[in-house]
Every structure is written in structure tokens, then in C-alpha cells.
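Two complexes come next, and they have one chain in common, chain A, joined by chain B in the first and chain C in the second.
Here is the complex of A and B:
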């Protein structure tokens, strides 16, 4: 029996795939079928939504942590005579947004299952599937973060809006700022996932996630303004921060929300986010293809 | 359908002696040893065949499977499967194959089995109707009815393996690679899995390549075996040919009454050409007879003339032993 006749067996339902005159498909072609990745996104999302207790614990921690940070800043502000680079209510809002969207902006928020996939060799299955590994993993990471944020952000946001005065989170100054905030927050998330992909890709080379995870989190979170808000950094350091993509994931959307950035600045920023996104995804995909070419599936 | 020609693959493995000193030395200069995983492997498989791919641990079975799936790129050689070179045409090629790694899992741990199936449907872009049909068929033959709504973590290994097999076949592949599909299963589940593999081979015409250490799998399923060892292809042939080549040996178990005189039974056992005494005590002897050199009745006659035989059983050599003697023959 020839291969041709075997294939035509299913000709009734699917177009005949003739292997001989099929043009070569290489992995470099951009993903053409987003549904495939959407489906991976969906299963990861529903799977992550099950971890309610972890989310509850997260909410409590973040709430407590937010209070501590705000108390520290209030103490700083009350003992300083200088004109602050960002007003206290803006800063308080910045902190609450940080805490509620932690899942969107924290590099340490990781997917251990992906690491296990590489180090145990289960990746073999994913490599036998049509579609691109980069897309699958991107979808998974995105889903995990969105599910995490969905479970955590609302309780914090609602509670913080009803707190007494110095601790209260303010609403965006106008409707447009709110819209710009949502756009920049989501774009920031896409950029962050693109950055975190590099951590996973590096595991192909190192076989252990902890080194790159530590490096990325320490450097990345500082540069994203997670340790000191970027507006409170000295000017020269701010210049350094803006050279890296990290601040676009967290600092930028939060300052768009509080109106610390003007609308024009916000619009330019959103464009820059898009540029970063394209650059990071393209480099990531290329690196991943190269890693896969030399990958040795572990064990078995 | 599948054609491998002169495939070779080697891996670099870091090596060092044990101990602190050599560990310290390895910080600066590492020594690598090259392991030849596959050495000039060639074979052809026709559509509809079930091929048992066997060999001891580390022989290169999984490496070959990975090359045929397009996961690994060989150092040299050619591989054409359904007109594609797996590692070059990966994206279009993988639609036609189903893979099952018995030691790994492709199902999502925390969600019901059904969710994983639906994800696979989308990944392979199986048209809804075709998906429903193949799901129905799989559910029926693998008895998945009660399992599909259960999270994978709550399934037993046997149940999970049945679901894994179904997952590998949802997209109607033409070729199925099974890497140790019965590992760790109880006798019942093994039976079910074998039965199912036979069914899909017969009804859907799926070509099956099966690696296993369980020779009963081979006996129940494979028409043909390919044996490799230390990366080399050692045997490629029909199971029946192999059996007739090595199956001329029979095992005879003889129970007899202990001899009354002081001479032990051992001394009374006649010496015959082509007969090997495997074990012997006062009341039982087990002999291995090469029927090409000695007639069975001759052996029995000789034994019964010396000893008072109570019971005799003659068995052909099980495939397990044939393979074992093959391993020995090739010094694996």
C-alpha cells in the first residue's frame, strides 16, 4: 500500500494531504492558527483557577505588605521638606496596584511545570505536536498569570478603595486614563511574559532554573520599580532603568493610572511597549529554535 | 512507509572519576566521552505492520524513536517517513504520527481527562465530526466511559495509560510509536492495552512500532522484531523465523522416584549429545535438549531406562529465553 492511498482514507473529512508535493514547512513561519494556542491558554487558565486557597493566602500577604510599604513611605514623606517627585496619593495608588496585579508583574511568579517538562524530558510530547513550542509556552505562562491576577486583584482593589484617607487608593483622574491604563497594563503583561520566556529558554542550556530565575528576578524587579518606585530613584538611575524593558511591565502602567504620565507620554509609552514586545518575542523565538536544535531530551 | 538508512547518532557525556579531587578538577576542565547511541541503523517498515523494537536498556531504542518522531537530529543517515524527513518537515509531519511514552504523561494533571482531549483536538485541528467519531470509538474500545470526567491525578496507572493511549490516537495518526506502553501495568491492564493495539492495527490499519521489555507484548502483538544492542542492528526478522531458528531447544522436566541404591540420580543420568542438564536433584531433573542434534524420544528412553519416571513435561523455549540467548550471543 502506498502512502498516498493511506492518506486518502480520510479524504472525506479532511483535505487530502499529499506528502510528496507538500512544500516544506519550517518552524520559522509565524503561528498561523491562534486557536491552537488559545486552547492551551484555556486549559492552563482553568487549571490555575483551581488554586483558590493559594490565592486567598496571596491576597492576605499582599494586603499586609501593601500596608507596610505605605507606612514606610508616609514616614519618609512626612520627614522630608523637598518637593516629592510623585505625590503621596499617587504613590499609595502605585503600591496598591503593584500588590493587586502582582501576578502580572512579578518575575518570580513561575511555572514549575514548565521547568519539570524540560528537566524530566516530558517535553518530548510537546515536540511531537504540530505548532510552535514558543507559542504553547507563551500561552501557558500568560494563562497562569491571568488566572492568578483574576483571583487576587479584585479583593485587594475593592478593599483598598474603601480604606481611610492616607491609605485609600484613588480612582484614575479621568476615563481616558483608565482606558490607557488597561491597555498599558495588558501590554505590560505581554512584555513581561516575553521576558520570562527567556528564563525558561535558559533552562535548555543550564538544566536548572534557579540560577537564571534568581538573576532575572533580582535585576528585573529592581529595574521594574518593584523595590523602589522608579519616580523615587535618582535621575541617573532612572535613565538606566528606561534602557531596559522591565519598567514597561509594572512602573509605566501604574503611573499612567495615577496620571503621573501625561496622555502624550502614555501614548508614546504604549508604542514603546509594542516595540519591546516585538523585539523580545522575535529574539525569544529565535533563541528557542536554536536551543531546540541542540536539545537532548532527558532520560528514557 | 518508514525507511531508515545508515542512521548514526552519538552523544557527548561529561565524565569524571568519583571523589573530591576530580570534582574540583572538573571545575576547570571537563572530560567528555562520546557514546555511540546509534551506529548505522537501517530498516524499512511497511504500512500496517506491527514491529517490536527490542533491546536491552541503553541499546538506543528510545533514541531511534525520537529520531523517527523528529525530536532528535541524527549525526548522519537518512530517514523518510511517509515522504517526509521528520526533523526537517516537523510541523507537517507530526500530524501523521501518534506517540506514547509509557514513562511520561501528556495529560494535564489537575483537570479532567476530557479537557486534555479537547486541547489535543484543537492542537491537531481535528474537525469536530471526526473528533467525535474517534472519541466514541476510543471510549468504547478502551472503556473510558467513567474516566473522562475525572481529574488525571485521581486515576490509577492502568486507567491513566488507557487515557494516554486514547490521547495519542485522537487525531487519527497513520503511524503509532509506542515506547514501553505496558510499563508498570498489571496483567489485566496489559491484556487490555494489547488487545486494543491489535484492534486499531486491524481496523484502522495503523502501523505500530513498539518498544518494550515485556516479551509477552511482543509475543502477543509483533509479527516482526527488530533487535538492537549497543546502537547496532542485530536482528531483523519475522518472529516465527526467529522461533524456528532458536526454538529447536526444548525444556524437559522429569520427576522420578529417588533411586533406592546409594548411587545418586545424578550419576545415573545418561550423557547424550545436545542435551544439557539445567538442574538436578534427588527427585527432579530439568534438561535442555537441542532437538536438531538429539531426538526427544531418545532422551526420554535413555532416562526412563535408568530411572523410574513419574512425570514428564516438555515445553518449547519461551520468547523471553530466545531473546535472552540472543542478547548473550551478541554479548550485550
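Here is the complex of A and C:
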């Protein structure tokens, strides 16, 4: 526990370079391939769980945020007689889910360590490791997000389901939509990590993460319904949104949860998520391989 | 005051050394709030109005609060990053100098890239003023300027309060973001749309209401009588700032160096 408190005091969201590197280097050649990525995932996951104080502050902030957003939507809903495309309880649930799974859907939730690896030239060590870089980094980023969400989601979800009436989060309409929600949420996470890999890959070419980060976050978050929920957007914009993979990461699972999508729609959506995942991962890997072939190790 | 100008010019010149990076960041700051504004616009597109407020009126709110936020982030950045001064023990050095600590912390850092955000909200403000139905008088112009200034002072006050907490906690507290970023988020709509306790809290304790719906009602000519009273509400920001300075004083007296 003593290391826990020390670590959590020392940083916000950027992880310190922890002793897990040594560990990873020493386990030289595990017998099978997937196991290697699994152990990267496990180590990163436990080390990310250390940031409990930061997570607590995050919970308070997100709770406040959720409240403000819901109050704004309630005010909008009460001043119009038109039939809204998504009911208020569904929208409230949507907002709370967004706040609790923020770590699953925020593109700016980044690992500065990886950026530094590329820009300082330490990527050379990374290349010496057994296994493919794409898989390693993917597992690392995935674990970080999982841990971040795990720490934050429970307090928010529990508190939100005990709030008084207009603010209360509802349960999924039936068991099956709950199951579909979990599947789509996890698939959405996989898609999101695949998207965020592109940010890291782009740094190989640009050497500075800020440009691509800014583009991805501004465009991506808007298209993922983080600024306003996708069902509230005008029709033409929704058509644009569905052309991009971003809405599959955050918007889709939340609407499955609240029953805004029917079961067949949900099933088709999950298939499309799978297609996007395959497309994004294969292009990402190919791009990364190409980038690595012409990589210049920076500085000494 | 001369000293402050001196700080300003030094830091400005040092930031301009990295010209490309400066302009890139400034452009980023310029585009970032556009998505938020677009979101608000799409909501108005669908619902028409929000509790009787029209889009240009809300846009004035949005522009004023974003301008205030940008200016305070530019000038009071030193308080925002104050925890690093305490952690490294640099604050000791400020204490032995024969000038006030507020001035020195203020001068320790300026963030000029916020000019992008400022430019963006200025454009929004001009657009909103052109589209909202306001009969301009000199007093109304003064009120508008006061709103922006007072908003800046409120944000600066919150930043000072948050920095004061560092005297006890050493590390900066993220919770203060609820009041700065959260306040910005909240006050980009007229506060009246929220629940009553929220309105009360953000009018009487942290006076965002004084730069938000109260003077705005005056600008739009929606006050019944008491026009002057509404026009002068932005001064409430000053009232908030004074206790912040006092608390800062108390904090400085409690300061114990980390010794590093």
C-alpha cells in the first residue's frame, strides 16, 4: 500500500516510468504469442490502478459535469413542444454513461510516454523487444483505459442510479439489451484504441503530437457525440457522423443500453463495429510497419 | 504597475522565440471552442429557444464568459501553476523580495497563446451583438465591458483560492477545475435555466450571475425598473475578489517551505 500512495501523489494522468519495464525485458521469450501481450496488459493495468486520488478527483468533476449537462438538456426539453428524437430519461442515462466511461471514449486520454519514446529516440529499445510493436502498444493503451474506467465508473453509476427523479439513471429495459450493451461497449473500446493508435503512428511522421492530437480530439469528439449527443444533431450531420468510426466507440453502446436502438439494429451495429475494428487494425498495422521501416532514431 | 509591464514584455519576448509553436497553439485555441458553439447552435436549431432565451442572447453569454476565461488564463496563469512554485521551494525566493507576492506570482507566468481563444470569442461577440435586438446606450456599452472585466476577476479570484490551498496541500488540487472549467461551462448559458440552488450558489457565493444573466437582462431591456442596479451588478465580481486576497494573505502566513 505504501507504494500505492506514493505513486498516486506523484502524478495526475501521466504515468511514471515504472519498474514494470525491467520485468517486461526479463521475460524473454514466452512460449506463445498472445500471452506476451496479455502480460503487458496485466502489468499496465495494475500500475494504472494506483492512481486512486486522481481518480477520485475525476469522479467529482465528472459528476458535476453530468449535472450541468442534464440541467441544460432539461431546460431545452421544457421549452419545446416538438417530439424530441430521444426521450429525456434515455438522454439522462446517455449523459451518465458518457461521464462514467469517459476513459473509454476520450481521445485526448493519452500516454505521453509513448510520444516521448518516439521523439527522444528511445524507440530503439522498444524495437529490440520480442513481439510486434503494434500489439504491445495496443495492449498497453487498452489496459490504461480499462483501469481508468474501472476506477471511475462504479461510483458514478451507483450514485447516478439513486438520484431523485429527473436525474436518475435508468436500468436497461431488459436483460438482453444489458448484455448487448456490454458487448458493444467493449467492442467500442477496441475500436477506440485502434483509432488512437493512429495518433501515435502519426507522430512518426510529424515528430510533434500536438497537431494530430488537436485534430483527432476536435473532430473525433464532436463526431462521437461528446459535445452534443448524436440523436440531437440535425439529420444531415447524423449522416456525416455515421460515415466515420467515431460514433461506434461511444454513441452506439449508450443508445443500445437505453433501448434507443432495437435489438436487431443493435446486432447489426455490433457486426459493423467488428468490420471497423478489422479495417482500422489492419491499416494501422500496415502504416506502422511502413513508418518503422523508415524510422529515424532521434538523438543520442 | 511598471514592474508588471516589465514582466509582461520579458515573458512575451521569451514565448515569441518559438514562433511556429506559438502560432500553432494559438490557432488550436482559436478552433477549440467552435465545436462547443456549434453544439449549442445545433441544440437551438432543434429546440428553438431555452427558457425564453434566444440563440444570439446565449451567444453573448458564451462570448463574455469565454473572453473572461481566456484573459484570466493568460494573465493569472502563474496562480494556476502555483503548486510547482511551492513544490520546488521557489516561493521562498519571492518572499524575500521587497514586492507583494501577488504581483510576483502573477508575473511568474503568462500564457499568450490564449489570444486565439480571445479572438474567437471576440468574433462571436460581434456577431451576437449584431443579431441580438439591443438599443445601445453608453451605459450599456460600459456594462458589457464591465461584464468581461469582472468575469476575468472572478476567474482570477478562483485561481488564487485554488493556489492558496497549495500552502496546506503542497500538491495542486484538481477539484478547483470544477469551479474554473466547470464555471465556464455553466455560465456559457444564462444561469436562469438551471435549478434554483445552482443559480443561488453561483450568484451569491461565486458571483458568475453578476456577469451573466443579471446584466444581460439589462442589456436586453428586460428589467422592470431598477435598470441602473442591474447595470452595476458586474461590480459584484470585485466584491468577490477582496476576500480571495485576504485568504491569500492568511495562506502566505501559513507557508512552510518544503526546503528543497
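Brief remarks follow.
Note that the second predicted complex is superposed on the first by the 268 of 300 C-alpha atoms of A that agree within 3 Å, B and C clash if a C-alpha of one lies under 4 Å from a C-alpha of the other, contacts with A are read in each partner's own complex, and residues count from 1 in each chain.
Quick note on the criterion: a residue touches a chain if its C-beta (ideal position, glycine included) is under 8 Å from a C-beta of that chain, and two chains touch if they have at least 3 such contacts.
Quick caveat, the model's predicted, so the values are computed rather than measured.
When the shared chain is aligned, chain C comes close enough to touch A:221, but chain B does not.
Touching more residues of chain A than its counterpart among chain B and chain C is B. Contact with chain C, but none with chain B, is seen for A:80 once the two complexes are overlaid on the shared chain.
Shared-chain residue A:60: touches chain C; no touch with chain B. Applying the stated contact rule after C-alpha superposition, one finds that A:35 touches chain B and leaves chain C untouched. In the superposed model, A:46 makes contact with chain B only, not with chain C.
Residues 9 of chain A lie in contact with chain B in one complex and with chain C in the other. Chain B makes touch with chain A in their complex at residues 1, 11, 46-48, 62, 66, 69-73, 82-84, 88-92, 94-97, 99, 101, 103-106, 108, 110-111, 115-116, 118-119, 121-125, 127, 129-130, 172, 174, 179, 205. Those residues of chain C lying in contact with chain A across their complex are 24-25, 28, 31-32, 35-36, 38-39, 42-43, 45-52, 171, 173-175, 177-178, 182, 185-186, 189, 193-195, 198. Residues of chain A touching chain C in their complex: 9, 12, 54, 57-58, 60-61, 64-65, 68, 71-72, 75-80, 82, 84, 210-211, 214, 218, 221-222, 227-228, 232-234, 237.
For chain A in complex with chain B, the touching residues are 1, 3, 6-7, 9-10, 13-14, 17, 19-20, 22, 24-27, 29, 33, 35-36, 38-40, 42-43, 46-47, 50, 120-122, 124-125, 127-131, 293, 295-297, 299-300.
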